[in-house]
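Both of the next two complexes hold chain A, though its partner changes from chain B to chain C.
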Partner chain A sequence: MTARKIAKKHIADLLNEWRQGFNVFVPSRDEGVAKWARWDGGDAEFLEWYRNTVVPPKALFFPPLEEMFSFHKDGDGYRVEQPPPAEERWLIFGIRPCDARALAVLDLNFKEGYEDLYYLKRRENGVLVGLGCTRPYESCFCTSLGIGPTDAADVDLMLTDIGAYFLVEAVTDRGEELLGKTSLVHAATGADEARAEEARKAAGARVTRKIDSQGISEKLRASFEDKGFWERVSAKCISCGICTFLCPTCYCFDISDELVKRHGARFRSWDSCAFSLYTKMPMENPRREKWRRLRQKVCHKYEFYPDSFDVIACTGCGRCIRLCPVNWDITWVLSSLPVQKQVGLET
Partner chain B sequence: MALTDCLPMKSRVMEQRLRREAEALLEQGKVDWIIGFEAGSLRFTTTPLITDDKDDTKRLVVSPFANNNLSVYLTGIKGRVAIVAKGCDSRSIVSLIQDGKVARQDVVIIGVPCSGIIDLAKVEGLVGRDRDEIDDIVREGDKVSITFSGDKREYPAGEVLFDNCLACELPTPQEYDILLGEPTAARGDEEKTKSREKINSLEGVKPDERWAFWRNEFSRCIRCYACRNVCPACFCERCFVEEAEPPWVLPIPRWQDNLVFQVTRNIHVAGRCTDCGECDRACPVRIPLRSLAREMYDIVGGLFSYRAGTDKEVPPLLTCYEPTDVEDFIR
Partner chain C sequence: MALSDVSHRPRFLREGNVYLPHPAVIEKIFSETADTKTFHFNFRDEKLREEFTFQSGQFCLLSVLGVGEAPFCISSSPTRRDHLECSVKEVGRLTRTLHRLRVGAEIGFRGPYGNAFPLDFLRGKNLVFVGGGIGLAPLRSLIWNVIDNREEYGRIDIIYGARTPADLCFSYDLEAWQQDKTVNMVTTVDKGDEAWKGQVGLVPVVLEEVAPSPDNSVAIVCGPPIMIRFTFPALEKLGFTPGQMLTTLEKRMKCGIGKCGRCNIGNIYVCRDGPVFSYAEIANFASSEY
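Moving on, here comes the complex of A and B:
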């Protein structure tokens, strides 16, 4: 498929065209906090400041809070009502490759682990337009997990910054369809493609934080019982939910019912294995001490998920590092794992 | 870049002394643990260092970026502890002593006279760059120079310090075992006034506008509980928000529940909050929580002439009453 290009100054026009057929979501700022919001038809000023959002795009597919159904007392019984259907067709503009990969990682749990109809419906209706990173954060380490900051693998349409233009590549048929009707996109030249290639290399080189992900599952397995190690690396963790809630691949949720007089609803909301009350409702939290909970978080991403689905459930987006109030750094923990040390049984 | 490079000589002398004192305390068996700061993994950050290994004391730092209130770790640690404390942190320790959560004899307070902590969000706002795109930030006396893209600019320190630092009444720990330097003075009245601007503007608007403001702010809350978990005054083993029978509020991020959670939390920590600013700093979605916390702090000061954590001998404010109280509801 030949590559095409679009002038940056035409992005707002393109979004307006797409708005005819989709609910379009773009990066936006609420009191300085970058998040996803419905495109309001203004100018595409987010192109100036956008690096990545604080709340990851997983929140669009797996919201922090959603009503699963409502129930109403009706005579002796209850009448159950489904909530109104999610967005009909929607388009996420500007998703970063790390976050797009994260959705592919979440798909495995929500599709293969079990069929989560709420998530899958939104996924089916959503089109992803990726935007390659040119300014990764110092906390980013995607390249250590086999992802490039300009990778097109997990989106429908990919944009790469080549100066006054974006190089545009349709990755899937849905992506190709997006370009079908617009006159804003033109054929790219060989020079444009060369510039895009340079931009990709430069972006990759800007990701300077590294981990060695080779054999990491095995190392974790070997250190599982090393209580001293886990106590040491969890000492400063304050057990808040930032690193799990804002992780683009964490998917734990809690369920709550609310009944007011004759009407009620069942909600699901994000939950975190960092919390001491995690899984308390169905039974007990088997991980009473902080070091066990933190070990669970690291092992789930780098050992258990690979065991189940053959992929590491971390895409190196760096949110857990840059948003942690005590600078707990997962790359520091992974790089200090004890190597093949003989350890005693957990006590 | 080592954090130490950002330090003026006075701080470097404090840092050397801190390392010596901490090592000696462990070596002589006077404490089991040291809680201090070491260089963080991101630019212009520090991170808590909690260790029982005397070799680790070489990593301790004194830094204008050391924002955490380390006293939050005291209730979770067994044994005797030496802890690095700025003015506000030492007051939190005293408050924990008043509440019977920490025994004075089990803690060695290594006091750091504080000149205020640099607020990176303010720095970002001043220079229009994200923190990881800034080359250097150096505090020299009451000036801070910031270098980015080869350009070095100087600002008065008052423009980049946290609001709670500008408002701080007691920057030098009053309760300590070791004091690492000469006492520092509180900021001037002008800066104190400036630090309250956000709160004053909220007080000045009509109630429905204020309600709309907080509704918008709490709509962003994701209920990660970072504000609660970094707070030394939030020492409950089980928070009211996690009670299921009866459920006071639902554990779901709905703005009304979020607001009830935060307002109740503020009432629970009234008379314990030392305005250390940690709740505000920890919030990943930047809800201006200090506006609530400081307002409560000032209400406590106005109603009871009480300043949290300044006298370890008195009972916690909300656990006692005076028969001579002008209010008669207690009689």
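Moving on, here comes the complex of A and C:
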């Protein structure tokens, strides 16, 4: 498939064309925090400031709060109503490779065994247009997890910044379809492709933070019972849960009911292993202590999830580092595991 | 055999929206103790009533819409298909609401979830049931299951205890098993009263006195964590190996189907891979948080 390109000044026009067939979402900071918002025309001003959103795109597929169904109490019984199936097609413009990979990671949990239709329906109807990352944050470490800041692996269409233009590559058939009707996209030249390749290399080199993810599950397994270590690395954690809420691969949720007179609904909402209520039972709580909860968070991502699905549930997006109110740092925890040296080279 | 291999288990009610509870109606309510009630219920949907199956050891999520949902083991036996039973101890908001419901009230049911007691493994063996308090509920499902196919199993010992005679659950079952000549039923309380004619003593201690032989035997243990913690060593003293001891674990759950995250022990999800585990499996968990 030959590469194509689009002028940056035409992005707004392209989004407007796509808006005819999709609900288009773009990065926005209208409400003060960078998150995803519906494109309503205007300038593509986000191209100026966008590095990554604070709220990850998982929120579009797995909302912080969603109604699962509603009910009306009717004598001794209930009349249950499900929300209509999400049929609308939508397009996420500008997703970063780390966050696109995160969705692929989430798919595994929501598909395994019983299918979670709330999430999967939205995934099915969503098209991802990736935007290569040229200005990664200091806290980013995606390259340590096998993801490049300009990787196209998990999106339908990929854009790479080559100056006044974006190089455009259709990754999937759905991506190709997006280009089918537009006249804003032109054939790219060999020089464009060379420029894109340079941009990719340069972007990768800008990710300077590293972890050694080789054999990390084994190291964690060997460090599991080291209570002193976990107490030390969780000492400053205030259990606020922000690292899990804003993590693009965290999916833990709560289910709760609301009832007003005879009408009510069942909701699901994001939950967090950082909270002691999360595992609290009437008589006991397996993770009452903070160090146990933080250990769960780290091990879930780097040991338990790989055990189940063969993939680390972290994409190195760095949000948990740069958004933590007390500067907790997962890369520091991973690189100071007590058994680092003994097992590090054997795996 | 890996007890938690659930890949081939039947999955009912798994099509469509798996989070949608199925309406069921309470048909009968028994007060077991001051804080525990057993609910007999049936699906509203006739087709479901006929087609629904489960296995001893599996659990379900019961809803009172508007209040919430929580996991309970199905305490009736799959060999007795007339209705389903769950025994509920009042410990929080949902269980308090359940306790206030009357016959005819509608509840929501999701399930059956989880693995089950491995009947293929148990068949032909001597079974030692060790239960405490409300922990008899999942055992009871299996006990009736086994009694209803009595010739397929060897000796049956049941050692069941509670704090006081008033805390014994399923007194009607205890009586039936007492009278069943093919079952050795031993009931004990931590503290008796004047009318009490059974044993007095903690379950693990009484277990050691009864001293069932470990030969071709499997012990199935369920009760409060403290009882389980002392019962495993008692069984080991009697010669049972970790592979000959089964239990069911309990964790806080929301989804019941391995998605919401909280009931994990390492990479094991109690709702998806359990709740039935052998002591050998538990000892192998990547986490000691069981």
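The rule is simple: the second predicted complex is superposed on the first by the 328 of 347 C-alpha atoms of A that agree within 3 Å, B and C clash if a C-alpha of one lies under 4 Å from a C-alpha of the other, contacts with A are read in each partner's own complex, and residues count from 1 in each chain.
Please note the rule applied: a contact is a pair of C-beta atoms (placed from the backbone, for glycine too) under 8 Å apart; a residue touches a chain by one contact, two chains touch by 3 or more.
Note that this is a predicted model, so its numbers are computed, not measured.
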Query: So if we stack both complexes on chain A, do chain B and chain C clash, or do they fit?
result: fit
Query: Given the touch rule stated above, what does A:Tyr278 touch, chain B (first), chain C (second), both, or neither?
result: second
Message: Looking at A:Lys121, would you say it contacts chain B, chain C, both, or neither? Reply first, second, both or neither.
response: neither
- prompt: Angle at chain A between chain B and chain C: what is it in degrees to the nearest 10, using CA centres?
  reply: 90
Task: Go through the superposed model and pick first if A:Gly241 touches only chain B, second if only chain C, both, or neither.
output: first
- request: Have a look at where A:Phe69 lands relative to chain B and chain C in the superposition and call it first, second, both or neither.
  value: second
Task: For A:Thr331, select first, second, both or neither according to whether it touches chain B, chain C, the two together, or no partner.
output: first
Query: What is the contact status of A:Gly32 with respect to chain B (first) and chain C (second): first, second, both, or neither?
result: first
Query: First (chain B), second (chain C), both or neither: which does A:Ser256 touch?
result: both
Field: Distance of closest approach, chain C and chain B, by C-alpha atoms in Å
entry: 6
Query: What residues on chain A does chain C touch that chain B touches too?
result: 254, 256, 258, 281
Field: Touch list for chain B against partner chain A, complex
entry: 40-43, 45-50, 68, 72-73, 76, 121, 130, 132-133, 216-217, 220, 222-226, 228-230, 238, 242, 244, 247, 250-254, 278, 281-282, 284-286
Query: Which positions of chain A touch chain C when the two form their complex?
result: 68-69, 71, 73, 76-78, 80, 82, 109-110, 112-118, 221, 224-225, 251-259, 264, 266, 268, 271, 273, 278-284, 286-287, 292, 296, 299-300, 303-305, 307-308
- request: Would you mind writing out the residues of chain A in touch with chain B in their complex?
  value: 30-33, 35, 51, 54-55, 64-65, 135, 137-139, 235-236, 238-242, 245-246, 254, 256, 258, 267, 269-270, 272, 275, 277, 281, 290, 321-323, 325-329, 331-332
Query: Which chain C residues qualify as touching chain A in the complex?
result: 11, 14, 16-21, 23, 25, 44, 65-69, 91-92, 104-106, 108, 224-225, 250-252, 254-255, 257-262, 264-267, 272, 286-290
